[in-house]
Each structure stands twice: as structure tokens, then as C-alpha cells.
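Read through the structures below before going on.
Presented sequentially are two complexes of subunit A, the first with subunit B as partner and the second with subunit C.
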Partner chain A sequence: MRRLILWGVALCLLALAPLFLRSYTLYILSLAGVYVIATLGLNLLTGYAGQLSIGHAGFLAIGAYTSALLVARLGLPFWLSIPLAGLLTGLTGFILLVPALRLTAIYLAIATLGFGAAVAEILPRWTALTGGYQGMKVPKAVLFGLALDSDVKLYYLTLSIVIVMLLLARNIVDSKMGRAFIALRDQERAAQACGISLTRYKAYAFFISAFYTGIAGGLYSFVVGYISPGEFDLAKSLLIFMMMALGGMASLPGSVLGALFLSFLPHWLSGFRGLQQFIYGAALVLVVIFMPYGFWGFVRRWTMPDKLERLPRPLRAVVEFVRG
Partner chain B sequence: MLAQLILSGLASGSLYAMMAIGLILVYKTTHILNFGYGDMTMFSTFIAYMLLTWYKLPFAVAFFGAIACGLLLGVIVDRGFLKLAKDAPVTSLFIATLGIGMILEAVAGWIWGYDTKPFPYVIKGPPLFLGGVVIRRHDLLVFGVAGAIALLLFAMFKFTDLGIAMRATAQNRQAARLMGIDVGKIATLSWALGVGLGALAGVLIAPIVFLDLSRMILVMIKAVAAAVLGGFTSLPGAIVGGLLLGVMENLTIYMPAALAPLKTTFVFLLIIIVLAIRPQGLLGEPVGRRV
Partner chain C sequence: MLKLEGVSTYYGPIQALKEVTLEVEEGAIVAVLGANGAGKTTLMNTISGLVHPRAGEITFQGRRIDRLPAERIVRLGISLVPEGRQLFPDLTVWENLRMGAFIQRDHRGIKESLERVFAHFPVLRERRGQLAGTLSGGEQQMLAIARGLMARPRLLLLDEPSLGLSPVLVRELFRIIRELNREGTTLLLAEQNAHMALTTAMRGYILETGRLALSGPAAELRANERVRQLYLGVRAGTTPQTLS
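Right after this comes the complex of A and B.
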């Protein structure tokens, strides 16, 4: 019950955000929402199912181009294009399943890196479809006759999709499937001995992860309004990976925090001309040093009963309220 | 033609192999994938560049300057940063190496600027002809250095106490510690050796690809691919993987013309096929944990 109240308050704050935030901040917030979804997808695969991937920008690209092309070329309604982009990207996730059934750890990471590099190389050369290096303009999103043409409207759209995807992710994690992921991650052989099919659950993990990232990509194309192949490079794959690892592996709230932090960090730093990269790098190192298990690991550690007494009183009251 | 392609493939392959060994040295003892490696190499190579062109010092000095910088960087990264993050998971430490790379890139930009710089060849002179095959003099140097490094490392791991301690740490950290090996010191030494080796490779790569802030990262990615191809836990594997990758890259010339722009994709596809047949890389130890 108390948790519900907390979520209600958080939701109200988010819903009212457009009243007191600048349009530009809302745009960054929408973009952060896109990354939240992609990070959730990666976290389900890497954090929960234990399959490393540093090629998720490939899925993001496939999702973005699919939804943009479905609307621009086939004239499909916008609300249909995003789930379709998710489904199609989910199916391409099975491409990675082929190496994933044989490879683990760093070997799999290189296979996924190769997948990302392949997508980045094919996209600009398939000019007939993608418009080549110059990229393509994405039509404005229209939802049942209502044009989503302002940052505020796109913000609400993103917010609602993020909430749906978060709830879905929570249900996946709490379901039999989520437990199977964790079992396979921690003790592959033991889990198989208990009757969990490695092949099937790896397939699920890759499909779901690619599906999430595809949805994120679809949303990305409409939020930004313009996509080009250069955006979906190794740096973006690493960005999504950093969002996941800095937020906290195998943690859904962590994914939200990580994606928000790394989306806003470059904008907080825009005032420090010439220093951005230095501070960005230093921030990564400092977070790792002081929060080795990510943001959510940090929160968890400081809300343990024995640490709670050392927190300042107002913060303690909040934690105790949520704990109930 | 074929012999020519293979030979120049072997030359660039030796460089990938050297870089790959630096990655593996760190990975074996600490289980960290050092993704700041490209930037660390870039930084050390810029030190050599500065000694050469700003202070007009001889090549030997620049060479050792770069290696010293690499060794020092390795020690600083391990002792100054990674040791501070006590019992952090390796995924977090991987991110820390990325962060360190960004810091180095920023600093290098301030000191040496953002434009691409030509890096002088150590040995100048016309290429040699060897029965219809052309060899650059620089390639001979690369072969020589790579061979010497391989022999030195082999001797170190086989015969010296330090090498045996490193192997023991790689095999079983806990047991090595119980045998009285200072595991922390071994980790620091691996970092120093690994980054130092990268610096050495960097000085040899820079004349070929030129020197700027980001180019070494591309070389690093190839080194990672080479290391994985050979088996990420095996030093001879890194050599085999590096040479194979270099040759494979050159032989993509024989691909059908329609596929020619997809060179990277094709190389990765080959790597994935090799890995699908041998999941632990060509010479790696089989992975598999006991329950």
C-alpha cells in the first residue's frame, strides 16, 4: 500500500513535469525515456540472463529504421509501427542466438560487437531503403488524428510507453521465465539439471531484449525526428551498456537511474567548454569507485537496517515510510 | 599477388597480436577487459611523438619513453583507480577503464591538439624485393620486434619466478594467494606489462595509420577480435589470432565485388564461424564451470 502511494506521488510528479520544465529539458527527458527502455532490454539479457552484449545499438538501429520506414513508405499508422518495430527487431534477436548457444562471456561479447558493426556497415550502403549516410527524416507521429508535434506531447507518449515497459519487465523478472534466466546465469548446468531448457530460455532472453531495444529504437526515431546510420555505432552500444552497469546489473530501478544519469550528464557538462570529456570520464570512474554495484546497489546498501540509523532524519523517514 | 597479400597481412597481424597480448595479460590475471587500452596506447605513442618532433630526440629515446609511459600508466590505472573500487564486479571495472580512456583522450587533446599527425618511420629507405614480393623495411622491424617479444614472454612465463607466479594467479587466484604470491602486486605488474606492450605496439602502428586521438581505438577493437579468435586466455593464441586476422583482412580483396563494401561484416562473420566451431577460440582453454 505504502509503495503504491510512493509510486502515485512519483507518477503525479512526472505527469506534472511539463508545467515547470523547459521544453528542451522535456526533450532530454523523452530521450532518456527511450534509453530507459533500451537499458531495460539490455539488463534483462545481460543482468538477468547473464549474456553479455556490446552490440545493442544494432537493435536500436533496426527498430528506429523499421518504424520510420513503416510510416514513411507503407503509410502505416504510427501506433502500429512501434510494436511492429519491436517485433521485427525481436526476431532479428535470433541472429545473435546462433552464436549465443555456443559462446559465453567475452566470446559472446565479440560476436555481439560484430553484429553491431555489421548493422552499422550495412545501413548506410542500403541506400534504396535507408537513404544512405545522409539519413532520413521521420514523419511526425500522429496518434488517432492528434499530431504529436510538441515536446510535451512526445514526453507524455514516452512516459506512458516507459511505464508499460517497466511493468512488463517487472512481470517478466518475477515470472517463471525471470527465475529461469537467473538460474541459468548463476549455475547453467545445475539449472539444466533441474529441467530448464537452455536453448529455449536463451531464445526468450534474446527475443525479449531485442524487442525492448526495438521499441526504444522506434520511439527514438519519432522523438528525435531524424535518423542517420552514424548514430548507431559502437559508442552507442557502449553507452547503453554503461547505463545498465552504472545503474546496477539485474536491477530495474537501476536501469532507470543509469539511463537518466548518462542522458543528462552531457547536458549538465555543456557549460564546461573543453572539459566535458574529462569530467565525463572522471564521473564514470568515480561512480565505479564509490558505487561498485551501481546506483541501485548503492541505494540498497544505504537503506539496509544497520546503515539506516546513520542517514539524515528526513531521508530516513522516507525510507521507513516506503518500507512500511 | 597472393604471397604479397599474405605477407603484408602478417605484418599488420603481428601488430594486432602485440596489442592482443597486452589485453590478455591484463585479462588473465584480473578478468578485466581493458577497453581504455586504445586510449592508453594513444597516450603513450603521443609521448614518443613529442620526444621525437618537439625535442628532436633520437628514436631509441622516444621508443623507451613511450614504453616507460605505458608501464607507468598501467601502474597508475591499477593502483590509482581500480584498487580503490574494492570488490567491484568486472563489468563495473570495465566501465572504469572506459572512463580512464576518456580522461586520457581529453588530456591528450589539450597537450597535443585534435588534428591527425604523421608519425615518422623508424627505418627509412626503399622497400626490399624478395622474389617478386615487396617488403617494407618497417615490416621487417615489426616482425623482429614481435618475434623478440614473443620469445621474451615465453621465456618469462616458462623460467622466471615472476612468470610462474603470474601463471599461477591466472589459474587460481585463491590458491596462488595461499602459496604466498602477492596477488595484488601480480595484478599491478600485469597492468604495467600489458599497457607497456601496447605502447610498444603503438609506436610501430603509428607510422602506418598516423596518429590522432581516436585511431588507436579502432586498432584496439581489432586486437580484441584477434584475442578472441585465438582464445582470450592464451598468449600463443593471441599470436595465431592476430596473424590470422591480419591475413583474413587482406584476403577480403578476393570477395565478390558486390560484397566488397561489407569488409568488416565479413571479417566478423568469419570470426563468429570460427568461434561457433571452437567456442573457446583457437588455442584457448575450454570454458566450463563445475556446478
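Right after this comes the complex of A and C.
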């Protein structure tokens, strides 16, 4: 009950944000929302099911180009193009299932890296479809006659999709499938001995993860309004990976925090001319050192009953209220 | 019920099981004894489909199972309690038990299995909300067996269940094994604790470097001079009573 109140308050704040935030900040928030969805996707695969991937920019690209092309070339409505992009990207997730059934850990990561690199190479060369290196303009999103042409409208669009994807992720994690992912991650043999099919559940994990990232890609194309192959490189795969790792592996709230943090960090640092890269790197190192289980692990640790005493009073009141 | 004939299992070029022939009759408790590296775990994993034999045949209730994947074999009624417990540490006791009943669809059936398991292991009921990784060693072993039972197996494979347990817990464990057997579960257990295994089991097989060295009724094996020297720690020419 108290948790519901907390969520209600958070939701109200997010819904009212356009009243007191600049248009540019809203744009960054929308972009962060896109990354929240992609990070959720990666976390379901890597955090929960234990399959390392550093090629998720490939899925993001496939989702972005699919939805953009569906609208630009086939004239499909944008609200249909995003789920379709998710489904199609989900199917391409099965490409990675092939190496995943033979490779583990770092070797799988290398295979996924190869996948990301391949997508990044194919996109600019497939000029007829993608427009090559120059990229392509994405048509404006139109929802039942209402053009989503401002940052505020796009913010609300992103917010609603993020909420849906978060609720869906929570249901997956709490379901039999979510437990099967964790079982396969921690004790592959025992999981099989319980009757969990390795092939089938790895396939689910890759499909779901690619589906999420495809949705994120589709949304990305409309939020940014312009896509080009250069954006979906290894750096982007690593960015999504860091969002997951800094937020907290196998944690949904962690994915939100990690994606928000790394989306806003470069903007907070824009004042430090010449030092941005240095501070960015230092911030990452500090987070990893002092929060080894990510932001959410840190929050969890400091809200344990024994640590609660040492928290400042107002913070403590909030935690105790939520705990009930 | 379960028959192995000439089963050979390899890990790459290394042969871990050499033409093992073995039978488990319905309603029996059968023990497989052997030192470290004798192939006990390989045998258990081969039966449950986690590794596949390169030669030989395994039949369960008249049906060939040696080519089936592990998840199919569980559905036929063979459940493995793996060596070293292999619990899911980040899941709660209750969730671990649910994983054991993964193949079951109907909720009433799962509830019944759960009640049955709690009757055998009351401590698990108290700890059902606790993460499996935070249980004590003995509780973890109980949970591992309970998880295996949740699949409602006709044949339960126990791989070194007494490993790392105190003498008191080992006795408790074997009491539960006999109890499960009385309720109709057939058991095949791999053990290093030859003394307890041979007083509980009806039949025993002895593995040495992947090959079957001896087999027979447990009482006969207990009396066998070689078994007594090698597995029961009795020196040649002495009687067990002289051991403290």
C-alpha cells in the first residue's frame, strides 16, 4: 500500500515535470527513457539470464531503422511501427542464440561484439534502404491525427512506453520464466535437472532482450528524428552495458537509475571544458569502486535495518515510510 | 525399472565410464560406491541426461532414454539431486522448491508435493522465505533433496548426499532416505560413506576408475574382504568391532 503511494507520488512528479523543466531537459529525459528500455532489455539477458552481450547497439539500430522505414516507406502509423520494430528485432535476437548455445561468458561476449560490428557495417552499405552514411530523416510521429512534434509530447510518449515496459519486465522477472533465467544463470546443470530446457529458455531470453532493445530503437528514431549508422557503434553497446552494470545487475530499478545517470552525466559535465572525459571516466571508476553492486545494490545496502540508523533523518523517514 | 547395459561415457578423449552394466529394481535402494574420480557423478549425470553416453543402452521402465535431453528425462520420472547441492542461491527456499516442480502445471499437485516435502523437512517450512544461499550446509542438503522430490520422481538419484554433513545429520539423512523408500520412491545413491550406504541399501555396485569392480546384495558386499579393506576401513584380519 505504502509502496503504491510512493509510486503514485513518483508518477505525479514525472507527469508534472514539463511544468518546471526546460524543453531541452525534457528531450534528454526522453532520450534517457529510450536507454531505460534498452537497459532493461540487456539486464533481462545479462543480469537475469547470465548471457553477456556487448552488441546491443546492433539491436537498437535494427529497431530504429525498422520503425523509421515502416513509417517512411510503407506509410504505417508510428504507433504500429514501434511494436513491429520490437517484434522484428526480437526475431533477429535468435541470430545470437546460435553462438549462445555453444559459447559462454566472455566468448559469447565476443560473438555479440561481432554481431554489433556486422550490423554497423551493413547499415551504411545498404544504401538503397538506409540512405547510407548520411543517415535518414525520420517522419514525425503522428498519433491519431495529433502530431507529436514537441519535446513535451515526445516526453509523455516515452514516459508511457517506459512504464509499460517496466511493468512487463517486472512480470517477466516474477514469473516462472524469470526464475528459470536465474536458475540457468546460477546453476545450469541443476536447472536442466529440474526440467528447464537450456535451448528454449536461452531463446526466450534473447528474443525478449532483442524485443526490448528494438522497442527502444524504434522510440529513439522518433525522439531524435534523425538516424545514421555512426550512432550505433561499439561505444553505444558499451554505454548500454555500463548503464546496466552501474545501475545494478539483475535489478529493474537499477536499470532505470543507471540509464538516467549515464544519460545526464555528460550534460552535467558540459561546464568543465576540456575536463569532461576525465571526470566522466573518474566518475565511472568511483561508482564501480564504492558501489560494487551498482546504484540499486547501494540503495539496498543502506536501507537495511542495521544501516538505517546512520542515515540522515529526512532520508530515514522516507525509507521507513516506504517500508511501512 | 532402470537398466544400464555396457554404458561408456567420455569427456572428450577421456573415458569416464567403461561399459557399466547396472540394474535398479522398482522399490529398491541401490548404492553406488567408489572413491573420488571413480565415475559416480558421471554415472548419475549420464542417467539423468546431462551427459550422453557414447556407447551402451539405458532403459527406464522399458523405454530407451540415453539419447533424451535432461528435461525430457525428468518428465519420465527420474529426478537428480546433484553433487554439491547446486541450489539456486539467489532464489528463496520456496522458489527453489517451485523450480523443482518446474515440469508440473497443476497448482493443486504442486501444493500437495510441497506439503509432502514439508512433512519430511519441517525446517524448510520455517525457512521458506529465506534465500537458499543463506541456509546452513545441512539445511541446504535437505533443500536439494526436497527440490528433487518436487518433481514427484519414481526414481530419485542422490549424488553424494552425505558430503560435508556432520555424523548426526548423516544419520538423519539416511533415516529420511529409508522413509522416502517406504513411501514408494526407488532410490539410487552414489556415496563415499560406504558404511551407511551399505547398511541402508539392498544392493551395491562398486566403481573403480570408471569400471564396475564388484556388485551384489549389500550384506554380501559388507562381508566381502576387499570391500572391507578398501571402503569400510577395516584392516585385513581384524573385525569391525575393534575399530573405535
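What to note about this one:
We adopt the following convention: the second predicted complex is superposed on the first by the 324 of 324 C-alpha atoms of A that agree within 3 Å, B and C clash if a C-alpha of one lies under 4 Å from a C-alpha of the other, contacts with A are read in each partner's own complex, and residues count from 1 in each chain.
Keep in mind that, in the parts below, contacts are C-beta pairs under 8 Å (C-beta built on N, C-alpha and C of every residue); 3 or more make two chains touch, one makes a residue touch a chain.
From a predicted model like this one, the values you see are computed outputs, not experimental measurements.
Applying the stated contact rule after C-alpha superposition, one finds that A:D186 touches subunit C and leaves subunit B untouched. By the touch criterion defined above, A:K176 reaches subunit C but does not reach subunit B.
With both structures placed on the common chain, the touch criterion links A:P292 to subunit B but leaves subunit C unconnected.
Once the two complexes are laid over each other on the shared chain, residue contacts for A:E121 go to subunit B alone; subunit C is not touched. Annotation for subunit A, partner touching more residues between subunit B and subunit C: B.
Of the two partner chains placed by the overlay, only subunit C lies in contact with A:G195; subunit B stays clear of it. Within the superposed three-chain model, A:L4 lies out of touch with both subunit B and subunit C [touch as defined at top].
Taken together, the two complexes place residues 187, 189-190, 193 of subunit A in contact with subunit B and also with subunit C. Interface residues of subunit A facing subunit C in the complex, by the touch rule stated above, are 176, 179-180, 182-183, 186-187, 189-197, 250.
For subunit A in complex with subunit B, the touching residues are 46, 98-99, 102-107, 109-111, 113-115, 117-118, 121-122, 125, 187-190, 193, 234, 238, 241-242, 245-246, 249, 274-275, 277-278, 280-285, 287-289, 292-294. By the touch criterion given at the top, residues 27, 33, 35, 81, 84-89, 91-96, 98-107, 109-110, 221, 224-225, 228, 232, 261-265, 268-269, 271-272, 275-276, 279-281, 287, 289, 291 of subunit B touch subunit A in their complex. Residues 45, 48-50, 69-71, 74-75, 79-80, 82, 86-91, 95, 98-100, 102-103, 147-148, 151 of subunit C touch subunit A in their complex.
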